[in-house]
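Letters A, B, C and D name the chains as they come in the text, with residue numbers starting at 1 for each one.
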Amino acid sequence: MSAPQPTTLSDRIQQIPRHYVYLLLAGVVVWQLLFPIRLPITPSVPTRGVYQAIAAVPDDKLIVITTDWDASTQAETGPQTQSIIHACFQNKKKFVIMNLQPPMGVKLANDLAQEAAKEYGAAYGVDWANWGYKYGYENVLMALAKNIPNAIGDDFYGTPVAELPIMEGVTDIHQVGLVVIVTGLSAMTEMWIGLIQGPYKTPLAAAYTAVMAPIYYPYLDSDQLKGMLVGAKGAAELEVMVDRPGKAVAIMNVQSWAHVLIVALILLGNLGYLFARGRTGGRQP
Amino acid sequence: MSPDLFILWAAAIATLGIYTILYRENPISRLFEHIFVGLSAGYLIVATWALNLEGKWWNPMIHDRKWYWIFAPIVGALFYFIYSRRLSWLARLVMGLFFGVGAGTFFRQFFPLFAPQITACFKPLDYQAGMGFQSFLFEIVLHHWIFAIILFTVLSYFFFSLPHEGRFGRGLGRSALLGRWFLMIAFGAMFGNTVMARISLFIGRMQFLLQDWLGSIIPWFAGRGL
Amino acid sequence: MGSLEHANWFMRLLFLSLCTIIVASVLLAQRGREMFIRRIPGLTAIEEAVGRATEMGRPIFFSPGLDSINIVTLQALAILSYIVRLAASRATRIIVGLRSPTVFPIAEESVREAYDAAGRPENFRPEDVRFISDEQFAYALGAVGIMAREETATNFLFGAFYAESLILAENGRALGALQVAGCPEPTQIPFLIATCDYVVIGDEYYAASAYLTREPTLTGSLVGQDICKAIVIALILLGVGLATILAPDRNFLLTWLGGGG
Amino acid sequence: MWFSRLLQRLFPPAPTPAALYLYLAFALAGSIVLIVALHRLLGPRGRRWLIVFVTFIAGLFFGLEYFYPVHGDPEKNFLTDWIEPVSVMLTVVGALTVGLGIYSLFQVHGRALAQRRPGWHNSLAFFLATFAMLVFGLWEHYLHLPQPPPDVLPWPKVVYEILFNGLFAPLQAATFSLLAFYIASAAYRAFRVRTGEATLMMAAAFIVMLGQVPFGAWLTSFIPADSPAAFFRLEMLGEWVLRWLNTPAQRGIIFGIAVGALAMSLRIWLSLERGTFFSEQS
């Protein structure tokens, strides 16, 4: 239903036509995609938890990154995995990639790890390895806890993992210093907590899509998760911490600006409303 | 022959065509609306056959020779009697069947849907052994007490057969008013929580338009904004 | 007893008592017991909204949501049936846009029925009950197209809506229609509040047919629902009390309801 | 599974393809005879009772399977094995209504085209899109391409790819992304301090919105993260609002809905929803 034609300034900023709002939003997004002006990114407590958990792993222990994601959540989980890998390399921690579901995840993560390894001059099989996709959910975890070389068998390239230098002295879950779950699937966390973190007290950290993250805050409170990356925001924060601002930072930067715009519009509308109300003595004009 | 270039251009034009509706409903958006509705109608038929009927009905009936599957389409055909005044009661018969299924399905879902929601409300309200004052304040008061207060005031808002005046009613009325306020807070929170997801969708589309499509014409765009 | 795949004895007992209470209050109401219902503003507005379309001589658009045949949709069709009767008696045209093919014949049949009940069977136009698309966003665009091309004066959105709710309601608003919406699930309510003139929230949605028709069966059912809600509240109070005084693994109510473990 | 054994016993599969068609013809003829007989024999009262009865039985079947005592491992009762085949049967029955929906679309657009109503070319576009997707969709389905697909795709597959990935999917994504604009303008318009309720809504939306982006976290980053006041950092406050203010309110709504839907289900099941569905039965 059409409002009366605005005349005063306070009316005008109360009734910005919707087309202007649309144009402003599109303008901000395009502008920030093409010529980004970085707004500050401050790592949140859950994100710092992930970084600290990685840094705290003793040098003789392995970090296991399970990359249970595929193309459908890649926008969030891809940058998450990438920055976690950077955090491992920078802290000179040995890590392995594996996954339980979907098979694609371990391939996508392998590409990311290879790219990063080149940068740090790290060698496959020595500084990092890829255990590959392992079918069997709970059964894999239970077997892994007791005897890793047996449970894993061959790596991503078909080499028996026992022959990799990185696996020297690695027999069971006690040589694993941290498990990082990167996933867009529910139930993975419950499985790791129930079968690994609970019985063996192996530290656990996780990275989730923004949609599923809220379910897992309680695990953070109870310290069952040392840290957590929440969607693209968590990925962006970790990218900043490892000094590799990438895709997630770019997206979160646009998000920040879009949110600033919406907040500013709301404030403007209210300002106009309050001015107009002051003028008419508290009554709605 | 690779379809990639056609896909790129078709997708870009379709996206821009839809965005014209932001100005107002117009001949271009109307054309794409009809194409979209048409494609989805065609796809509905294909999917109904290829993902549903072929495997669940046709193959068992013809290849496994389970001839009793013929009864399913006969029952389904009763729906078509809505177009006849005299025979429409047969359509109502099969509709009645689906009404019953709808009700029965809800009976089945009642506990799986709601029991976990009920048990998730069972949160202790007292001082737990071994917690300091600070964690009592944060974990119990700011979390569990507030949770309980909001839950009960909101529930009181949804009583319809009790008046909000009179001796008992005034108390209920106040609680219901408080419940309404809490509802508004929750709605605001849900609104705020959705903004980011919706902006993401648009960022995704703009990345496609700027980098993939414009970038294929003017390489400069392909290198911008990651 | 930790599973929810089938009911346990406690659930059977609880379910049976809830059903008995509702059916009993329906029967009591049918015997003529007077029942009180408080005012629900969003539902009172329905008549005003139909009136607006009549005055302007323009049609009404109604969407029963996106779900296939389930309880939410059946309630939407019940509200539709009431609105059609109201509109038919004032010779106002109403267009229904559907997403589920299975709901389509049922909607068509109940609209025809409502025209009959209003004594205007000749005004029923079969092409005004339209299947639009089963694809969520094609449906949204198609529905917006109908609002724009038919210049609807009033839009009713009652049923299960998802992300597309804002596409429907924001465009309807921009086109100048009066909008009344109702959705039981809370997730889309904030957007409907921001874009519609009246919104029916949560349980009010299921109170609608009783409130509108004042049929004794339905008002009785509403009173029964209130008693059931009181039982649910009592159950939660008991659960919270037990959680406060007992250790979680000894909270028997938790176990009875399939939780814990 | 004794259910399928029973079906085999009652309705044995046809022994040969030729016999199959004979069986089908008999079943079809028998059903038609049954329907005609029902139509002739039942008066208005009888028809009404039959509908009420069918509704009741359908609801009872699905409800009883959940509530009837179960035994064994996996747990089941005398109805459990029927649930899956009956559900499949109902899916097939329901799928038949697609024809009605398509008929409705063709009717509206066919009329616009035949009468050259304004915008008839849109209806033409509708028909072209429908038939293109139908033809190439089915064609693609019956090509049975190997996995992974060959480097050179057959042309019907190429057309299908363009229709699906070049038009259908982008139209879907573009329409979905319109929501970014609508949510921005709805926020601007609705969040005014006009009433107490609107103010509360706005405050909650503000906190949650800002708590989610780095900019919001930066605004309150001066509060030390390990002090008790860290609660007031926007990202913490936002999470608290979502988890401890939003969740209980949503639960309150959901419990109301649960009972409301239960009452509606009962009324539908027992055909008590008078004055709504098909009351004026002829």
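Keep in mind that, in the parts below, a residue touches a chain if its C-beta (ideal position, glycine included) is under 8 Å from a C-beta of that chain, and two chains touch if they have at least 3 such contacts.
Here the structure is a predicted model, which is why all the values come from computation and not from measurement.
*Asks:* Could you pull out the chain whose C-alpha mean position is farthest off from that of chain B?
*Replies:* A
*Asks:* What is the identifier of the chain with the smallest separation between its Cα mean and the overall Cα mean?
*Replies:* That would be chain B.
*Asks:* Could you compare the number of C-beta pairs in contact for B-C with that for A-D and name the larger?
*Replies:* Spelling it out, more C-beta pairs touch across B-C than across the other pair.
*Asks:* With chain centres taken as the means of their Cα atoms, state the distance from chain C to chain D in Å.
*Replies:* Result: the chain centres lie 16 Å from each other.
*Asks:* When the centre of a chain is set as the mean of its C-alpha atoms, what distance in Å lies between chain A and chain C?
*Replies:* Each chain reduced to its C-alpha mean, chain A and chain C end up 39 Å apart.
*Asks:* Please tell me the distance, in whole Å, between the geometric centres of chain A and chain D computed from their C-alpha atoms.
*Replies:* 31
*Asks:* Which positions in chain A are in touch with at least two other chains?
*Replies:* 18, 22, 25-26, 255, 258-259, 262
*Asks:* If a residue has to touch 2 or more other chains to count, which residues of chain B qualify?
*Replies:* Touching at least two other chains: 18, 21-22, 30, 32-33, 36-37, 39-41, 43-44, 79, 82, 92, 98-99, 101-103, 105-107, 110-111, 118, 120-121, 148, 151-152, 155, 158, 183, 186-188, 190-191, 194-196, 199, 202, 204.
*Asks:* At which residue positions does chain D touch at least two other chains?
*Replies:* 66-67, 94, 97-102, 105, 119, 171-172, 175-176, 178-181, 183, 185, 187, 189, 191, 201-202, 205-206, 209, 212-213, 242-243, 249-250, 252-256, 258, 261-262, 265-266, 268, 277-278
*Asks:* Could you please specify the touching residues of chain D with respect to chain C in the complex?
*Replies:* Touch list, chain D to chain C: 66-68, 70, 75, 77, 94, 97-102, 104-105, 107-108, 111, 119, 171-172, 175-176, 178-179, 182-183, 185-187, 189-190, 201, 205, 249-250, 252-268, 270, 272-280.
*Asks:* Would you mind writing out the residues of chain C in touch with chain D in their complex?
*Replies:* Residues of chain C touching chain D: 3, 5-7, 11-12, 15, 18-19, 22-23, 26, 68-69, 71-72, 74-75, 77-78, 81-82, 98, 101-102, 104-105, 109-110, 113, 116-117, 126-127, 129-132, 134-135, 137-138, 140-141, 149, 163, 166-167, 170, 184-186, 190-191, 193-195, 201-203, 205-207, 209, 213, 215, 217-218, 221-222, 224-225, 228-229, 232.
*Asks:* Which bits of chain B are touching chain D when the two form their complex?
*Replies:* 1, 3, 6-12, 14-15, 18-19, 21-22, 30-46, 48-50, 52-53, 56-57, 61-62, 64-80, 82, 87, 89-90, 92-94, 96-108, 110-111, 113-114, 117-118, 120-121, 134, 138, 142-143, 146-148, 150-155, 157-158, 179-196, 198-199, 201-202, 204-205
*Asks:* Mind pulling up the chain A residues that touch chain B in the complex?
*Replies:* Counting only chain A, the residues touching chain B are 19, 22, 25-26, 29-30, 32-36, 75, 210-211, 221, 232, 246-247, 250-251, 254-255, 258-259, 262.
*Asks:* Please output the residues of chain B touching chain C within their complex, sorted ascending.
*Replies:* 18, 21, 24-25, 29-30, 32-33, 36-37, 39-41, 43-44, 79, 82, 88, 91-92, 95, 98-99, 101-103, 105-107, 110-112, 115-116, 118-126, 148, 151-152, 155, 158-164, 183, 186-188, 190-191, 194
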